[in-house]
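First chain A sits with chain B, and in the next complex the same chain sits with chain C.
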Partner chain A sequence: MGYPTSTDGTYTIVSLTGEVDLHCSPEAKKQILGLLGENKDVLIDLSAVEYIDSSAIASLVEALRMAKANQVKFGLVSVSTPAMKVLQLARLDKVFSIKDSVSDYTGKDG
Partner chain B sequence: MLGRGKTGCRTSTNIIATNVLIESLGEFRFAARADQLKDARAKVRKVATALGFDKETTDCIVFAVDEACANIIRHGYCEGMTGDIILNLSRNEHELVVRLTDFAEPVDVSSICARNLDEVRPGGLGVPLMNEIMDRVEYLDAPDNVGNILEMRKRLAAS
Partner chain C sequence: MNPTSNPPVIEINNLVAGYGGREILHGVNLTVNEGEIFVIMGGSGSGKTTLLRHILGLNTPTSGSVSVLGKNITHASRKELYELRKQFGVAFQSGALFGSMTVGENVQLPLREHSRLDDATIGIMTRMKLEMLNLAGFEDLMPSELSGGMLKRAGLARAVIMDPKLLFFDEPSAGLDPIVSAALDESILMLREAMRMSIVVVTHELESAFRIADRIMILFQGSVAITGTPEEVRNCDDERVQDFLNRRSVEEQLEPDEYLRRLTGHIQ
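Let's turn to the complex of A and B:
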C-alpha cells in the first residue's frame, strides 16, 4: 500500500497522510525516491499529515538531495501545522521549497 | 552529548529520588517495534495534556519521546533483536519525568553526539531535537548493567 499520488503538468504529487513515523516512513521513502529515480518532478503534499517524525524528515532531505543530483524539481506543498513545526525545529523550513498549493508550482489557477 | 546520571531508585508506586517525591502517572510496557509507537505517543499525549502543557508543548514532548523510542528500536534492538521498552511517566513538583527503559546492549553514552542542526543531511535529527525540546536528557545507570534507562525532564507549565 502506497501513499496516493496524482499528476499535474510535469509534477507527480505524493500525498502523505496521517501519522508518518518510523512505521510508515520507509514506505514513503521508497515511493518518493522511486519517482525521483525515474527523473520525475515531485511534490509532497503534507496537508493531511497529523504527525511526522525525524525518520520521515530524513527521507525528505534524502529526496531533496536526489532531486538535485538528478536535476529534477522537488518541493513541499500545503504543509500542515504539525509538520511545519517539526521542519522549523529541525531548521529545515528554509531548506525546502515550500508553497501553499500545487498551482504555486505549476503556475495554473485553481 | 548526553550524560549519564546517578542511579534512579524505583518502586511500583512512588519514586524517591534526591529527596523529591515523584508521583507516578503510569507505566506502559510494549514491544520495541515501530508499529507500537502510535500507542506510546497517545499515552504521552494524554499525560502531558492532563498536566496542563499547552498543545504546542505537548506536541513537542510527544515528539521527543517518540524519537527516543525510535532510537531504541533502530539502534538499541538492532539487527533483528527483539525486546521491550518500558515507558514510565511521573512528575515531581516542577517537572514531568519520562523514563524509557530497554533491555538492549548498554549504550556507550560517549558515542552519542548531537549533530549540529545547521548541517543539512538526512538522519541524526532525533538526539538534537530531543535535547532542544526537553529541559534535561540523560542516561541513568541501569540496574546490574542490563539495558538502558533514558530519562527526560520537562518543566511543568506553571513552574
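Let's turn to the complex of A and C:
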C-alpha cells in the first residue's frame, strides 16, 4: 500500500504518518529508495509523524546517501516535534536538509 | 506533561518474594508511569535487585502480582515472557557484553535476533547508537579493549538498539568517575525525551538518582521506606530514609533470643 505521495514541480513528496517503527520502516525505505532509484527529487513530509524510531531514521540516512550518489535532491519538510527530537538525539538535524514547507524547496508561495 | 500522571507501564501489588524460604521482599507496591524515570534505591541487601528480577519476570513471587506493559507476568508462559521482553531493554551493571564479539556485533545482536531489517539499516542504527553514547569509532574493538565507562555505555547502546518502550538500567553509575557518571545520566535523560522511553534505574548512587529521577523508591530491608519525588524523599522525616541519604550506617536492632537462634541454627 505504501505512504501517500504527491508531486510539486520536480519533487515527489512522501508523507510519513503516525508511528514509523521497526514494523513499517522497511516499507517506507523501499518506497523512498524506489523513487530515488528512478532519479526523482524526493521530499519527506514528517508533519504527521507522532513517533519515529531509529530504524526509520536509519532508512532516511540510507536515502540521503543514495540521493547524493544519484545526484538528486532529497530533503525533509515540516518535521514534527517528536521526529525533530529523534533527529537531534542522533545529531542528524544538521546532516539533512530540513525546511518548514514544500514551497521553501520549490520557491513557490503557498 | 508530567510523566507521573501518565498511564502505568509497571504495576506491582503487594509483592512478597524470596529465595529458598527466606523472604526478601515483604509486600512491595510500585507503579511506574509511561515516560517516567523511576529510580529504585536502597543499600546492599535491601532487595532492589530481587525486585528488578521480578519486574523482568526472572523470578516467581511467593504472592502478589507484577504487571508490565499491561500484562500480568506473575503466571505468564515462557513464550509470553519472551514476546514481552522484546519490548524491554536491559543494561546490566557490568555491560554484560559477549567477549567473543566486537562492540558493534554486541550492540546489534537484538536486531539480528528480533528484526528482519537488512544489514545496511542495522549497520546505520548501530553506528547511530554508538554516536549517541559517545562511542563512535569503537565499533570494531573487542569489549576487553574498553574502559569500565565505555563498557557501560556499550551495554546501554545494546539495551536501546531496538528503541524499547521500557528500559531497565542496573547500577549505571557504579564504579564510574563523577564526570563519566554525569554524562551517562545525560544520555538517560535524552533517551527518555526523544524516544519516549519509560526508564527504571536501580542504583545506590544518590547524586545520580536525584539528577535523573521523576520519582524515587527507597527500599529498606525488603520493605518500601518511601516512594516520592526527589523533593519528597529529601524532606521525608523517616529516620531510615535520612540515614540512607546521609550515608549513616544503620545498626540492626537485635533481639537477643533471635540472634542466638541465628548463630546456633536449628539447635534449640
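The rule is simple: the second predicted complex is superposed on the first by the 110 of 110 C-alpha atoms of A that agree within 3 Å, B and C clash if a C-alpha of one lies under 4 Å from a C-alpha of the other, contacts with A are read in each partner's own complex, and residues count from 1 in each chain.
One rule holds for everything that comes next: contacts are C-beta pairs under 8 Å (C-beta built on N, C-alpha and C of every residue); 3 or more make two chains touch, one makes a residue touch a chain.
As the structure is a prediction and not an experimental result, all values here were calculated from the model.
Trainee: With the two complexes overlaid on their shared chain, look at chain A and say whether chain B and chain C clash or fit.
Mentor: Here chain B and chain C cannot both sit on chain A without a clash.
Trainee: Just to be sure I read the superposition right, which of the two partners does A:S55 touch: chain B = first, chain C = second, or both, or neither?
Mentor: both
Trainee: Once chain A of both complexes is superposed, is A:D104 in touch with chain B (first), chain C (second), both, or neither?
Mentor: neither
Trainee: Once the structures are superposed on A, label A:V95 by its partner contacts, choosing first (chain B), second (chain C), both or neither.
Mentor: A:V95 sits against chain B, while chain C stays out of touch.
Trainee: By the touch definition at the top of the document, which applies to A:L22: first (chain B), second (chain C), both, or neither?
Mentor: The answer is both, since A:L22 touches chain B and chain C.
Trainee: Quick check on the output: what are the common chain A residues between the chain B footprint and the chain C footprint?
Mentor: Residues 21-22, 51, 53-55, 57-59, 61-62, 82, 85-86, 89-92, which sit in both footprints.
Trainee: Touching residues of chain A toward chain B in the complex: what are they?
Mentor: Against chain B, chain A makes touches at 19, 21-23, 51, 53-55, 57-59, 61-62, 65, 82, 85-86, 89-92, 95.
Trainee: Help me check something: in the complex, which residues belonging to chain C touch chain A?
Mentor: So the residues of chain C in touch with chain A come to 115-118, 120-121, 124-125, 128-129, 131-132, 161-163, 190-191, 193-196.
Trainee: Okay, in this complex, where on chain A does chain C touch?
Mentor: Counting only chain A, the residues touching chain C are 21-22, 25-26, 29, 51, 53-55, 57-59, 61-62, 82, 85-86, 88-92.
Trainee: Enumerate the contact residues on chain B facing chain A in the complex.
Mentor: Checking each residue of chain B against chain A gives 34-35, 37-38, 41, 56, 59-60, 62-63, 66-67, 70, 73-74, 117-118, 120-123, 125-126, 129, 132-133.
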